[in-house]
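We just call them A, B and C in the order they show up, numbering each chain from 1.
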Amino acid sequence: MNLGSDRLAPRLLLAVACTTMLCLLVIALFIFKEGLPFMVKVGLGDFLLSSDWRPDSGHFGILPMIVSSLWVTFGALLIGAPLGIAGAVFLAEFAPQGLMRVVKPAIELLSGIPSVVYGFIGVMVLAPFIRSAAGGPGLSILAAAIVLGVMILPTVMAIAIDALRSVPQSYREGALALGATKWQSVRMVVLVAARSGLLAGVILGMGRAIGETMAVIMVAGNAVKMPLSALDSARTLTANIALEMGYATGMHRQALFATGIVLFLVIMILNGLAGAALKRGSLKRRARGR
Amino acid sequence: MNSHKLSQWAAVAVLAAATALILAVLAFIVFFVLEKGLPQISLGFLLDRPRNMGKEGGIGPAIVGTLLLSLLAIAVALPLGVGTAIYLSEYTRESRLTKAIRFGTDCLAGIPSIIFGLFGYIFFVTTLRLGWSLIAGALTLAIMILPTLIRTSEEAIRAVPRSWREVSLSLGATRWETVRKVVLPNALPGILTGVMLSFGRSIGETAAVIYTAGSSFRLPRGAFDSVRTLAVHFYILAREGLSTEKAYGTAAVLVIAVLAVNATTYALMNRFIRRRSR
Amino acid sequence: MSGVHRPGGDRSRGEPASPRAGAAAATGDAAAAPRPKVEVRGLRVSFYGEEAIKGISLDIHERRILGIIGPAGSAKTTFLRALDRMNELSEGCRTEGQVLIDGADVYGPGVDPVALRKRVGMVFAMPMPLPLSIYENVVYGTRLKGTAAKSASELDELVEACLRSAFLWDEVKDRLGSSGLKLSGGQQQRLCLARTLAVNPEIILLDEPCSGLDPISTAKIEEALANLKERHTIVLVTNNTKQAARASDETAFFLMGELVELGSTASIFTNPKDRRTEDYVTGRFG
């Protein structure tokens, strides 16, 4: 393929390379275009802080949804983060090498299972179990937190394993040479050295949990009210958008887009924090001459 | 020293238990779905179209819709993704522009699928008047898989040894010839891995697809027809409570599809690794 | 693509006419002193502001082997790569001065480095076969844009000729389809030499080609060079002073980016003019 003495290719490729930025800009543009006027009209205070969500009569307070999202995400982190990090530590530090080769694909399989399947299992197995064991409707924040906790495991684990693996071997050897047991060296040296990366994994897991829609719709119950306990039915921000988008018009639809803006911004901030955490980790290591 | 050893054993036991728990959950999910769903799967189920809102019949059009949607999305995103990866690794060095491109890619990767659904609806379906259609869904899906394709393609391209490029250039090849004859052929397995990964992800995507491709039962006759994917069909079956058996059957097909895609990806990745160590 | 060139003086633009014609003119003109094949004038090369080559001028005569010796860090490789504009591939590289090949500055405006590299071939320090068969390795350069197309039988002949010139033919003639990566180090390096020969460059640059090779492969490469100098101009960078003494007609001694002394190999090794040259070739430092 004759591409004009190698001058056409770089220009064409540059144009192609800019498409991601273009896409991002267009997405941001359209979401904001639909949602920003609404925010201006109704006012941020009423939008974010009112618990009154009755779109038919013009009330658009999404506080219950914000609180529900927070509860669900927090619960998911409570379950997924320690489990994920524990699994990562075991695989990276204590398990024989061969085990990693078998388990890593398994974890990736976990992340490949569609969210709707997770939700379905939550409905068919988890919710009835919660209802019989702890009361309440079953379809609840607790159910959503458990399901999401499992769903974010692959994210947390993958980043945690990378973070642990990138701790230089000399750190471990140094601790062992001073007479520490393996566990002590891991606890006092490796985990500390990898903490930025581990944090990044948790933050990214948080982002995933906040953004999850389908599984949450199926197991969280979707009641529009302030949740008072983990057994309460609740509706997250994402569920709100997905459930009402199909028939929303006018201001109602704009309110959903405005919710989208809130989600968009929150996740951008989380991604930024995770990125900063990752960079801090590698910067510190570079400063020490690694 | 004994108490230290004891606490070490305890710690390792806890960690191992955590890992075992994770694996148990995975095993439970897979086996549960397969146990309940495999009996539902028959040739008729796979080929027939849904009847009576899905309570009877099969999932044939949904399978077709899923395949068409994913393949179309990959066809759009692959040249863009590989092109971007080539540009970033062959034609430029780290600069403000490349940082901006990477930032854009990372942001895109973090956007939740419901927002893509919103965007796809307002942009492709409404503003561009594509309607609920295969093409609207494919374009939306393409943007969603683009970051993955860029990342894996760039990794694959950078893994090609620098010395091979130097040799090619020293013999009087242009940069593009070097990319075409030396870099791309050797990066292909890695790029294909990214394609498989994206394919797997697009199979399970629901929120973005419902609001762009719609949920028509029928086999699409053109790019502007609405289609229903497996995940969407499954979601509707489950949520509307239409048929638990058919839902399990569809779930089983989904899980098997994901298993197959992952297995293929691993086979490809191993070939990639084996080639490099030659 | 990040190299920047500042021409040092006036020079003729554009590419010379058919390269073979230039060589023919030089041979026919034996009575008058033939123009050196390569004339380097005031070459300065810096990376990110740090000067690696601090002003070198020398002539390279046609159909001779110029050996370049010097301790590590003397910028011998950088000098070599300046001759075929490979330094431009490194970031932050700036080149000043002139490199005239057949009287034309290869750093002049409008000179295409891609075309230049078809006239100036390079063999690297590490054997670097491409991940292709032996046959495909050799013919790689013949299939590039800007080279004349050849028929299959012409290619076969070319492959045999080049492999023979590199003293590799007998060892691989039965397995031209097998991967080049499966050869031993010495064989790989000879393959790289054959690959370079396939595009018939006027000038062949070799950057410590025998470092790490067994003595037999080293001897074969040196013998190949001795034959090749009949039709090519050769520049051989080597860390091994004994190899320079064996293989080159003229020798240049580089030290820390400067040319200290240049002369016939015999005089450099038996009667060096500069104290530093004498210290180096007698092994007092290195």
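In this section, a residue touches a chain if its C-beta (ideal position, glycine included) is under 8 Å from a C-beta of that chain, and two chains touch if they have at least 3 such contacts.
Not measured: the values here are computed from a predicted model.
Contact tally for A-B versus B-C: the pair with more C-beta pairs in contact is A-B.
Of all chains present, the one whose mean CA position sits nearest the global mean of protein CA atoms is B.
Of all chains, the one whose mean C-alpha position sits at the greatest distance from that of chain A is C.
The distance from the centre of chain A to the centre of chain C, with each centre set as the mean of the Cα atoms, comes to 56 Å.
Averaged C-alpha coordinates give centres for chain A and chain B that are 18 Å from one another. If you average the Cα atoms of chain B and of chain C, the two centres end up 49 Å apart. In chain B, the residues touching two or more other chains are 91, 174-175, 177.
Touching of two or more other chains is recorded for residues 5-6 of chain A.
Along chain C, residues 114, 145 each make contact with two or more other chains. Chain contact summary for the complex, chain B toward chain C: residues 91, 93, 163-164, 166-175, 177, 181-182, 186, 278.
Within the complex formed with chain B, the chain A residues making contact are 1, 3, 5-6, 9-10, 12-14, 16-21, 23-24, 26-27, 30-31, 34, 82-84, 86-87, 89-91, 94-95, 103, 105-110, 112-121, 123-125, 150, 153, 157, 181-184, 187, 204, 207, 210-214, 217-218, 238, 241-242, 245, 256-257, 260, 263-264, 267-268, 270-271, 275. By the touch rule above, chain B contacts chain A in their complex via residues 4-5, 7-8, 11-12, 14-16, 18-19, 21-23, 25-26, 29-30, 32-33, 79-80, 83-84, 86-88, 91-92, 100-101, 104-108, 110-119, 121-123, 127, 143, 146-147, 150, 174-177, 179-180, 200-201, 203-207, 211, 231, 234-235, 238-239, 244, 247, 251, 254-255, 258-259, 261-262, 266. Residue ranges of chain C in contact with chain B, taken from their complex: 1-2, 84, 86, 89, 91, 114-118, 121-122, 124, 126, 128, 130-131, 140-141, 144-147, 179, 181, 192, 195-196, 199.
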